[in-house]
Amino acid sequence: MIDKRVQDPTRAVADIHDGATVMIGGFGEAGSPIELIHALIDHGARGLTVISNNTGSGEVGLAALLKAQRVAKVVCSFPRTANSTVFPELYRQGKVELELVPQGTLAERIRAGGAGVPAFYTPAAVGTPLAEGKESRLFDGKEYLLERWLRADFALIKGRRADRFGNVVYNKTARNFGPIMAMAAGVTIVQVNTVVEPGGIDPESVVTPGIFVDRVVEVATPLHESELVAAGATYP
Amino acid sequence: MSTHGEEAGWTRDEMARRLALDIPNGSYVNLGIGIPELVARFVPEGRTLIYHTENGLLGMGPSPAPDAGDPELINAGKRQVTALPGAAYFHHADSFAMIRGGHIDLCVLGAMQVACNGDLANWSTGEPDAIPAVGGAMDLVAGVKSVYVITQHCTKTGEPKLVERCTYPLTGRGVINRVYTELAVIDVTPEGFRLVELAPGVEFEYVKERTAAPLLRR
Amino acid sequence: MIDKRVQDPTRAVADIHDGATVMIGGFGEAGSPIELIHALIDHGARGLTVISNNTGSGEVGLAALLKAQRVAKVVCSFPRTANSTVFPELYRQGKVELELVPQGTLAERIRAGGAGVPAFYTPAAVGTPLAEGKESRLFDGKEYLLERWLRADFALIKGRRADRFGNVVYNKTARNFGPIMAMAAGVTIVQVNTVVEPGGIDPESVVTPGIFVDRVVEVATPLHESELVAAGATYP
Amino acid sequence: MSTHGEEAGWTRDEMARRLALDIPNGSYVNLGIGIPELVARFVPEGRTLIYHTENGLLGMGPSPAPDAGDPELINAGKRQVTALPGAAYFHHADSFAMIRGGHIDLCVLGAMQVACNGDLANWSTGEPDAIPAVGGAMDLVAGVKSVYVITQHCTKTGEPKLVERCTYPLTGRGVINRVYTELAVIDVTPEGFRLVELAPGVEFEYVKERTAAPLLRR
């Protein structure tokens, strides 16, 4: 019997330790595992390194985690969005470190971490300030930068459906970083709207095979970040 | 329209329409946020383009009807969109494999500065208190087959955006193929900027004066 | 109107030139595009470099292409199978060159070609004869080999269903190298059992998005290599 | 069973059963072709293992009923198999991401030689007229968390397979964790081969004599 279900978000994140590196899925609100992030805020781990494409909006979800000053460092491509004030303020105050990574390089570094590829070359950012301090090399006369893999202790991601083996399918563009973060973390925690029995997901359509998933939490009706922000909500 | 007033040349819609004329049927296209998005409205009759959005969708359609959207079906600008028949969803590494691997035919971007050697600056003014944010721009310019810029010819304060060398931090080196402004269509060639077409009523000298790098005639 | 359909395998392969590099999908017979390969034999292009996991069995499909001496070089991981006699004979006679690549490195090199990653590091083959002549490097104290991408002029692959935009889904373990070869070739040609209208494949379940596919050929009832081999068939 | 005859120790089935005992519930396992495949038959009651086959399937089940197979549903040995409920198909790059990325808990392989430093040779005799063929073995040993070998203790001609240094071309360097033979279970430790368990009726000295490298007692 294999059963990766965990009863609730609180139990799912209970062993995230101070100083952990945590990948958090989502592109804007699409795919942001807001209930897992809120459970992480309640849990209280500090000094986290967060790898995520954005830095949240309003004062809920990822932005609330930042606001609570649990994050020492952010690795991301776009820490600035509409309704994003928390990160800019902390950054200007020197209270959070930023590693800015081009979005495709961020995705590929995460995928490399999951695929056991310690480093690879990319043409992105050659000749720009983001190439500073990086090794470069010519292949077939063209210049590329050497980039290292990214791995994490935990990944928090959001799917649409999963089975108890951890096979996951996603909802539309909420897929984004979920599948690659699932590959790159020691412990991958997925919140999904629905848990089904093994066989309830067509094996031809599985996006994240269960081998990449450690814990599955059902959150039947997840909150929508944009609605919370529009309503001026804060967490906790 | 006057060659000497503030209103010389094409409107934004006309710029987008002019650019759309140059995109062949069947192209895979990534449109940046802002003026680039307008291009989709002006694709000539009889042509089908397939839109890629780097957050994981090929076959992106227009905005949904009111209350018909899904907050998890969005574009790179984080606005709700739709998916057309024949669309496909994929994850971020696959999406940027399309970009980096040279599978996207064209991307259209805005610009702060374009240099006559094809350098682009469009992500940061380099000011010390700015929050740096780059998104997918560096990957797009490095990987997409053709990269077009659509922009006002000068900044709001009248500074030329087409320059000899970019002074803002670069997005990419030697990556721009063509620029569409309200005044003209201009190619980036090995010899530098070269005029392709003037907007109706705009004279070559007028464009040249507002371009901070040599501009070759057709 | 976008329509990538081509009438038959003959027309689909008509521009494959002498000396072309051709990726051919399949793991054993699963996913082997036998009708496209037979069309390529009829077409007559010579001096090909073939990138494929195996070298075929009997004297049909990939083995028949080799037997017809159209292949100058094979890049593969396992050029030896039950009922595989054509390749060993040609190889011993010095009539075909072999680049042997570990299977995972082969897959990753192809994926890298498709993803615009010119080179990457892998732990596979470190300390073995297949590491000879390759650059190695330590990351975090562990040794890895530098491997270059693989790209091809053409890819011949087999799917189950496609639409006229070129979106493809596969059949079970016939998926294998298809999706990554589709990414890595200048011209990707897919044979499928059924062509459907756009919208006929769930966008959540598309395996190969149409952007990677140039030509779609319907072959409603493809031959099975194992049945042909059992029957002693030869091609042409 | 005798400690001195040709038939000393475990049968092949017993070797596989002994190995299966050591695999925890819920493990992701890749079984090589040949004796390793037998392991799946002897998983103790109450444990579920999930089988990975590198040609793109997780959740592989046993052979299909006669005439119920699909020639496109096969294992790495190119034999027809089935897919169990909860299975997933994926392409080759994803499959080897599972392997190289350390996601597979265990792989079980055959061997020509295993050295006391953990080196494995199992793909080539290095003979000049041999057709070299490596498949996924080098990726498996480089990436999977634990790599077990299951093999006869000696070759058909009586040569020890457990050696000081491999003379055949290597599959991987320092990659083997444990060896199961018809005579014993032996760990590869930083100090070299160390006995874990003798097959019933087999004596330590008997194993030691047939091992071409020092063998430490438990």
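When the chains are written out, they are named A, B, C and D in that same order, and each has its own residue count from 1.
Criterion: a contact is a pair of C-beta atoms (placed from the backbone, for glycine too) under 8 Å apart; a residue touches a chain by one contact, two chains touch by 3 or more.
Just so it is clear, the model here is predicted, and its values are computed rather than measured.
*Asks:* Touching both chain A and chain B: give me those chains, sorted by label.
*Replies:* Chains that touch both chain A and chain B, as defined above, are C.
*Asks:* Measuring centre to centre with CA averages, how many angstrom lie between chain B and chain C?
*Replies:* Roughly 36 Å, centre to centre.
*Asks:* Measuring from the mean C-alpha position of chain C to the mean C-alpha position of chain D, what distance in angstrom results?
*Replies:* The computed centroid separation for chain C versus chain D comes out at 29 Å.
*Asks:* Can you list the residues of chain A that touch 2 or more other chains?
*Replies:* Counting only residues that touch two or more other chains, chain A contributes 108, 111, 115-117, 122-123, 170, 172, 204, 207.
*Asks:* Among the residues of chain D, which ones contact at least 2 other chains?
*Replies:* 57, 83, 89-90, 93, 96, 99-100, 143
*Asks:* Using the contact rule from the top, write out all pairs of chains that touch.
*Replies:* Every touching chain pair, ordered by label, is A-B, A-C, A-D, B-C, C-D.
*Asks:* Taking the touch rule as given, give the residues of chain C at its contact with chain D in the complex, in rising order.
*Replies:* Chain C reaches chain D through residues 27-31, 53, 77-82, 87-88, 91-92, 98, 100-108, 110-111, 122-130, 170-180, 207, 224-227.
*Asks:* Using the touch definition up top, name the residues of chain B that touch chain C in the complex.
*Replies:* 25-26, 28, 46, 48, 50, 52, 57-59, 83-90, 93-94, 96-104, 143
*Asks:* Quick one: in the complex, what on chain C touches chain B?
*Replies:* Counting only chain C, the residues touching chain B are 1-2, 111, 113-117, 163-165, 167, 183, 197-199, 203-204, 206, 209-212.
*Asks:* Going by the contact rule at the top, pick out the chain D residues touching chain C in the complex.
*Replies:* Going by the criterion above, the answer is residues 53-57, 70-74, 78, 83, 89-93, 95-96, 99-100, 119, 124, 126, 129, 131-139, 142-143, 169-174.
*Asks:* Please name which positions on chain A make contact with chain C in the complex.
*Replies:* Per the stated touch rule, the residues are 108, 112, 115-123, 139-140, 142, 144, 148, 169-170, 172, 202, 204-205, 207.
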